[in-house]
Amino acid sequence: MDTERFQRGWDKLMEVDGEGGQRVIESLKDIAPDLGRYVVEFAFGEIYSREGLDLKQRQLVTIASLTTQGGCEPQLNVHIHAALNVGLTAHEIIEAITHCIPYTGFPRVLNAIFTAKHVFEERNVVLEKNVSLGI
Amino acid sequence: MDTERFQRGWDKLMEVDGEGGQRVIESLKDIAPDLGRYVVEFAFGEIYSREGLDLKQRQLVTIASLTTQGGCEPQLNVHIHAALNVGLTAHEIIEAITHCIPYTGFPRVLNAIFTAKHVFEERNVVLEKNVSLGI
Amino acid sequence: MDTERFQRGWDKLMEVDGEGGQRVIESLKDIAPDLGRYVVEFAFGEIYSREGLDLKQRQLVTIASLTTQGGCEPQLNVHIHAALNVGLTAHEIIEAITHCIPYTGFPRVLNAIFTAKHVFEERNVVLEKNVSLGI
Amino acid sequence: MDTERFQRGWDKLMEVDGEGGQRVIESLKDIAPDLGRYVVEFAFGEIYSREGLDLKQRQLVTIASLTTQGGCEPQLNVHIHAALNVGLTAHEIIEAITHCIPYTGFPRVLNAIFTAKHVFEERNVVLEKNVSLGI
Amino acid sequence: MDTERFQRGWDKLMEVDGEGGQRVIESLKDIAPDLGRYVVEFAFGEIYSREGLDLKQRQLVTIASLTTQGGCEPQLNVHIHAALNVGLTAHEIIEAITHCIPYTGFPRVLNAIFTAKHVFEERNVVLEKNVSLGI
Amino acid sequence: MDTERFQRGWDKLMEVDGEGGQRVIESLKDIAPDLGRYVVEFAFGEIYSREGLDLKQRQLVTIASLTTQGGCEPQLNVHIHAALNVGLTAHEIIEAITHCIPYTGFPRVLNAIFTAKHVFEERNVVLEKNVSLGI
């Protein structure tokens, strides 16, 4: 194991994903600990530790990728928490998911929005209503 | 908001998806009302309101698209209800999903069939058995 | 080999895909002849030979599935030919692809439309313009 | 129905998927019995009955395909059971899923690993820990 | 046609995609003019005209969505041009695509990077080398 | 850069992908050298260097994953070369791709088979015909 890279990744994981990320790594301990290690070392120790984009920009990219891919609701849950952790507002997260409609269609966007709704409720994030449907 | 297009879309949504569609729009009110508005205005006020294919044909296309895409079981549930609403028989719905096997493989088709089974049970739709397995 | 099922599949393949389907089967002869046999026996001898949907309805389902799946332009080419062969109009084919926008987004729909454009040009199918953009 | 092919497929289904496969076929009896028949006749009577790869190799391919495709957790559950049935070790199954990381990314791999974890717990399969994370 | 929304969308399309977007709309004129109209009215007149994210953030989301989806190289080409048009640097575009590795794997990222390479060459964008491989 | 892991990865890349892999890494030098480095260090220095599955088994998994994913023909080309390099026969490669039909459908399998056909022709691999279609 590459201790330095693991530590850098772990610190980044804590900064970005926080408790949700830690839970994923721990749930892998008895079944696929190396998978947890690669998440820490590669995804966070390498990719998330790169320069060139800040953490808010990286979370926009992550959310768009997970929304588009579909079937990744558990990971989207962790990364919507992460988006809030690094300073994106709930409004920006909803905007980013909404922006995917023309590229990936309504169904994947709806699934992602309902995942965000669940996260916002867990964290008591209040979203100021910005458009009224009047229905 | 474009009132006329919204109204046209709302009427079409009610005709096609009925209560299930209404529930989706309402569940978006506090989190992403514009997403609900786009479903109404664009998906139903524009696309579903086009000429050239009737509503039964459109539901065949919708079911094939959602079956193939995967991970869209909630939307497939709404649109299997919709398919029955516009006059497709349960038998035709099963045929359309079954027809996707060569294109998208068994797993996505199985997921869609079990979604249909759930919808048919909710609505007490009886499917006359047309093939006996004898096992 | 199941001669009867193969023959039934071959006749159906000729009826639906015609020359384009035959070319696919023949191009498999030296590399994976069984794959060609399964296309004939299973996809056409079983699935396409089922009752419950007519060939026009089946081609709507096929086109929606291939459009949504993405990366299947060669198969979409064959099946847009097939859609014309079984009596769908160019206008209905364009409508079916257009109907997929809300489900799968613009990029896959654009790819499918350009495939259709190519097929229509090959066959000198003239599409009466039904909407003017005025640009 | 092609009795011989059905019987060959059924025997192969029992050998590979066992009880889990039988349950899938039975759950289709009232809704889409032909779909069950095609799983038996085509997937098992044809594809799984081919020579050229043994059943362990076939299950590696199946698991990779289902992991990559996403949204197929029920089918992955059946086929992780099947992988154990034909003699792959829990360790080899975890390796095969882990090997997909560079091709399909962490989210689909995580979903597959958690499906495997669930199967191993159901069967009391103990996985000797081969790497310690030390966290 | 909704003239105001079309005009707003057209202006936005010109601002973001420029010539590449215009070429797509024009190539649809004889085959599916309404598809072109929806790209203008809905994707640009509605989605891209929303507040809450600026155009650079929107292009990060678009690029992540198209990279992840796969098979959308023509659209990715247009939107990498667009990303440069709205002020993202070549370096930020490469970073955004690279950030998708853990979510969608190397193959889709490689395809997107080679699309970016092609766009940068077309525009004579010089990317300052920031890492030396030394091979 | 982690020299030891890079060297281990480079050696493994040469053993598995050979010239084709080298060409990919080199083509990234001016645009995204870190992406090339991650392919070497992570995909080959970590994943391919793991124990638990041999290289033939790993290539079966890789081919199944790339076939299923779709739109990865360039990567599939490299990895069909790689499969031959590590000792899989052309026949086993065709079998592995064929085995994916029930999971991912005919179109993705056809695309993969034609990629294999191209690779076998490049390398003058002769595939003994094992099934005669008689058409």
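We call the chains A, B, C, D, E and F, going by the order they appear; numbering starts again at 1 in every chain.
Rule of thumb we're sticking to: a residue touches a chain if its C-beta (ideal position, glycine included) is under 8 Å from a C-beta of that chain, and two chains touch if they have at least 3 such contacts.
Worth saying up front: this structure is predicted, and the values here are computed from it rather than measured.
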Which of B-E and A-D has more C-beta pairs touching across its chains: A-D
Chain copies touching (chain E, chain F) - same or different residues, decided at half shared: different
Over-half contact-pair match to C-D, picked out of the listed pairs D-F, A-F or B-D: A-F
Inter-chain centre distance, chain D versus chain E - centres from mean C-alpha coordinates, in Å: 39
Euclidean distance of C-alpha centroids - chain B vs chain C, Å: 22
Where chain C touches two or more other chains, by residue: 34, 38-39, 42-43, 50, 66, 69-72, 75, 94, 98, 101-107
Of chain B, residues touching chain D in the complex: 70-71, 94, 97-98, 101, 105-111, 113-114, 116-117, 120, 127, 129-135
Residue numbers on chain E that touch chain A, as the complex places them: 39, 42-43, 47, 50, 52-53, 57-58, 60-69, 72, 75, 91-92, 94-96, 98-104
Chain C partner contacts - residues on chain E that touch it in the complex: 1, 10, 24-39, 43, 66, 69-72, 74-75
Residues of chain B touching chain F in the complex: 101-107
Contact footprint of chain A on chain F as seen in their complex: 2, 5, 34, 38, 42, 46, 50
